[in-house]
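Next come two complexes built around chain A: one with chain B, the other with chain C.
== the complex of A and B ==
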């Protein structure tokens, strides 16, 4: 994606285009690439999810579109201002910026942050610029520790000397420089609690690795960082998630890219990331059955959706996993491993799995 | 030894024939004269029914001769005839009894009847009026003091007697027949014929004459003029032997029409100006289903109301028909077989029943193995039943429709539209069908919005043979059919617990039949026959479907308006944001956007929902 000046120019061009339509007495519209399953395709060669060309017209004078239309233009106005003054706002701040009641009504411009987030994502596509180029950041989210020294905004940071809290991964990891790398691989996990456990056990020291955690879905900053470590440092990336469709989808997003952000897959996906656990076999092998939480209908239908995804459809290992989960009819959290002993994960589970290459690709 | 007297003979000597007039006197409540308010309505109703029948007869006859319609005109006038004191319970407006002073004594009268005991000064007398305790004390003042059920009641000057005058431009009645037409119960040609007509018991107008003479002692005054003769006026009562009693006969010079009849009776009754039981409401409802007539009403307060004619022709005239075999019952069949002039059963079937040809008669008789030459009068019980079963199983054409006189969809629509000023009116006139061997048809009008009162339940207008049914709604087949409709399926938003739509609706149901199955002599509710309820529901469903599409396009128009206001709300917002993206003045952008908004049709405004991102990311994706 383009540079800063180009971004600003493209935003202004969008505005001019709208103005031209208005002057001509036409219903102003934007061509928005469709961010839906119907418009993504799995590229078996690059093994990432790519976005298709389908676009939908978003009109101003259309009762179904008008709200999103104005939100998108407002996001454009905010981005243009940020670029002009060379400042950044977080997504949360953008939400507060947009959130106000339209005078004389009880309609709020945005009710929830997902609305402003989507407006920003649409602007990314319309201006052909990633969020970072629009000067909009996500909140800091995630922790890291391990055998690596990096440089961020001129500061050298040794990830093995960060005390108990580790390093907070910023929203934009594009400009981080890798200085000295002693790690042999990276373990990513979806739970901060598990990260705390592993960090206290100094597992990164014992296994010579880096440990990174998010809380739920990995942010773009984490995903970009993981991809850069994988491609630039050639470090294998191992992934730990809950044994449930939602956890497995986090793996899916990290590895193949996401449906909603398919246009960013190239920058974010890690096609050779490995799924370490929890697998269906782990449950039996490590005796975790007692921690079973029964599936809700929502869980079951989410699993069904995943079975049909193009990127899983022909993957025998994953189809086997899906089938076993379906039969099992329940989920188990990553933290269930702690029931086998406080340091069971760092002393037995991880070393064994990595040594035996007990993962799914 | 004294001659033994047969006990039966003694008893027999005590028996005497009860005259119809006598019977009426004792049973007038059965015929609808059961309260002063209802009695007023009954007299007006009988007179108006009579006039409508007469004016229609004239119009049809005249049309055959001249090919011109002579439209019915009816003038109903109610005048205050006599004032007096009435007892009005506290918190009510309706008198419960009248009181009169003769010399030094007070008398209480209820419903034309003087109650026992009179009160003189300083005395208190107690009366029981249908369970209500009335105590009257003559205190020596102008008015006595009255307590009703222990509570002090008002004694007020009220109109006690009214003069009801109904004038029509019918054919008039020839002098010879005049006393019988009004002065003899069960007189007339309507009683035994099988065709749709207003009256069917034949008691009708003479009951009003009886009511007048019994409550006020005054004879009815009938004036009638035929085309060729001078108007004749008679003063008439009905004797106990059910014979007309003419008190005076004169010729009259002045008559408002070239021909017609004036019925004039003074009765004891109460007049209410509004509400379901008012004369106004009765005439309004009558006018709705008789759009070919003009009805003028002059109230006791001299207000004039005109229900003008909306139809330019009369409905099809009803003709007499023979009974249809489907639904014929044993008793009726037996009666027909006894009365027939046919020499054999084959002749009876094809000659006395409708839609049975000689060929069909042969088929039926062959199937049930009955001799076609059997004598109708000689059939036994089993044979009659066999014959009935055979007839019921034979598919036949529907009975002839010309025995019925529907209002017609167009005429009804015009009429209800004029009355309700509704936004939407749909009418359905169903094809005739049969219940119990009698043809009937259902007509419906469903009106919505506009001038219709939006508060409370839908107004229900029930009719049988073009007569409004004003009482006993709860027990009526029409009410039941309305309640059994699933109104919500037809776009009606609010439906009361009892199944009746809430809001600005008028539901009119008209049953036209050669014989209306009333639940009682009062003729105010239709019996619950499945065939009738089914037909009403089918007709309501027809109207309901039209209503639904009307309501949905109305809602669409409403959405259109909402859409426009939504656009208006967002115009300044877009202008504000777009100014920041383009540096164009927001006032200019706003002005340009408003120009587009002024267009009738904006391209792209109808495109469906945008496709949205699915599935939603698990948690916080993209952050």
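== the complex of A and C ==
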């Protein structure tokens, strides 16, 4: 989707195109790709959730379009400013940067953050650049450790020498350079407490890998980082979650992308990521039957939705898991492995799973 | 509250004391400090929220006590095991470690995590040690950067050379050693996005300081770290939050402690922390009037509660702020400072506030 120079160029091209229309006395317009469900689908070839080609025209001289038109142009101006001064803002900060009274009127450019968010999303599509390339940051969360040395903002950072805390993953991981890689794979987990358990046991040292966690759903910064490690470094990415429809959905988003961010799947999804978390077979194998957390109605209906997703529909391995979970009627947390030993997860579960290639695709 | 050796000794003393009672044919008991509101109060001298001296006896041969008695002893055994093998577990993991069927019965040691949590809290009091000293970790969250070099788990970590991400703060900050300190103060902020804004502007380099953020309420690890920097390094701690009753409560907890964790105030509270966030005066001074977010009913009632807190009751500066906020009927976010310029917060707001000692105590 292009580098920084490309992003800047495409923003400027948009401006020039609009200027040309204005000078020619035409009604300036933008071709906005449609971000609705009707224009989103799972692509079985690329194995990611993608956006279609449908677009709609947004005109300046159109009472129904003008507000959004001006907001989108303002988002372009803010991105251009940020690129020029080489600084970043969060989505919330962009909202404030955009929020001003239009001179000579009582009208504010934006009233709610949803408006500036949508303008930013439109700009991502119009400039064929992620919001990170537009210097607009999402949430920051997560920790990393392992056998890799990166370069970021001029600093060389050795992820194997960062004490008990690890490296704090930034919201924007576009500019990280991979300098020296001794890791053979990456494990992403949904819980920081599990990360601390594995980190204390130096799993990344024993298994030659990298461990990354956030809390719950992975941030965009982490998703992009995992994808870059997968494509640029050719490292397998393993996803470690509970035996739980919500944990499995975290895997689903990491691997296939999501409907809400379908227009970013190409930059965020990891179609060859593998599931290394708890399976129905693991419950028996590791004697975890008694650690069941009974399904709530919400859990059960979440699982039911998963069964029907296009990207799981024809996947025999996953359909088998879904069925077994439905029969079991409950969830099991990875944390339950400590019933078998404080370091059971790092000394037995993970080495065994990886050695036996006991993952789900 | 004591070091690791002291913690181990006090756990063993508890065991010996119980054994002595058993051998003597007595009914073994423990003196448990009472963690109820009735035994918690603000101490105007120490300026923290503290626990009183009230205790209750918990007996083994007492049908109403036996379950909790056994759970507390099990928590002691788990802490002793963790100390012996020098490993840590999260509260959730302790729950699973404690959850087993008592031999010869159908009874599980614990059914819900609230039970194991309470057993851990009782052990914290009985052993006069924090849960971190018992090797039981709370949540992990947050990032740090600035002019300090620390040592942790054998690694020397320079917080000024960690790229855009910074150091990921661990859940447990007990064992961090401060090696070289060139910072003159610490700024804690409630939002990671503000941390990224300040970090990108290298505020810590320009103002010779350390910047730390989590997301919302500070973790125990961060609170303890801030307190240690304040007491051991004599660094002033400044709290940066929105003009918002919820942000102010974050300041309140950091400074005075909380009722729920009153038994930990001595190890977590920072009575001389200063408020460096937005005040009623700042709204005018920086022209932020139009950035108002109107109060919801919840906001208004939260503010009303603050007015009556013992630790704010006689504080004229804060009572003035509360009154002005009530009159204004709204909140203002720090992020709104970007309306004045992308780097206004780092180039103008913070340097000015600190130079003029424009904080609230």
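Operating definition for what follows: the second predicted complex is superposed on the first by the 244 of 361 C-alpha atoms of A that agree within 3 Å, B and C clash if a C-alpha of one lies under 4 Å from a C-alpha of the other, contacts with A are read in each partner's own complex, and residues count from 1 in each chain.
The rule is short, and it goes like this: a residue touches a chain if its C-beta (ideal position, glycine included) is under 8 Å from a C-beta of that chain, and two chains touch if they have at least 3 such contacts.
Please read all numbers here as calculations on a predicted model, not as lab measurements.
Taking the superposition as given, does A:198 touch the first partner, chain B, the second, chain C, both, or neither?
Touch partners of A:198: none, neither chain B nor chain C.
Could you look at A:350 and tell me whether it touches chain B, chain C, both or neither (first, second, both, neither)?
A:350 contacts neither chain B nor chain C.
Looking at A:291, would you say it contacts chain B, chain C, both, or neither? Reply first, second, both or neither.
second
Once chain A of both complexes is superposed, is A:102 in touch with chain B (first), chain C (second), both, or neither?
First partner only, chain B.
Once chain A of both complexes is superposed, is A:139 in touch with chain B (first), chain C (second), both, or neither?
both
Return the residues of chain A at which the contacts from chain B and from chain C coincide.
81, 139, 141, 171, 215
Spell out the part of chain A that touches chain B in their complex, as residue ranges.
Against chain B, the touching part of chain A is residues 11-12, 14-16, 18-19, 22-23, 25-27, 29, 32, 34-39, 56-70, 73-74, 76-77, 80-81, 91, 102-105, 107, 109, 117-118, 121, 138-139, 141, 171, 215-217, 219-220, 246, 249-250, 253, 258-261, 302, 305.
So in the complex, the part of chain C that touches chain A is made up of which residues?
Contact set of chain C toward chain A: 81-82, 85, 87-90, 92-93, 95-97, 99-101, 137, 139-144, 150-157, 161-172, 175-176, 192-193, 195-197, 200-201, 215, 290-291, 333, 335-339, 342-343.
Give every residue of chain B touching chain A within the complex, in rising order.
Touch residues, chain B against chain A: 562-563, 566-567, 569-570, 572-574, 577-578, 580-582, 584, 589, 592-593, 595-597, 599, 602-615, 617-623.
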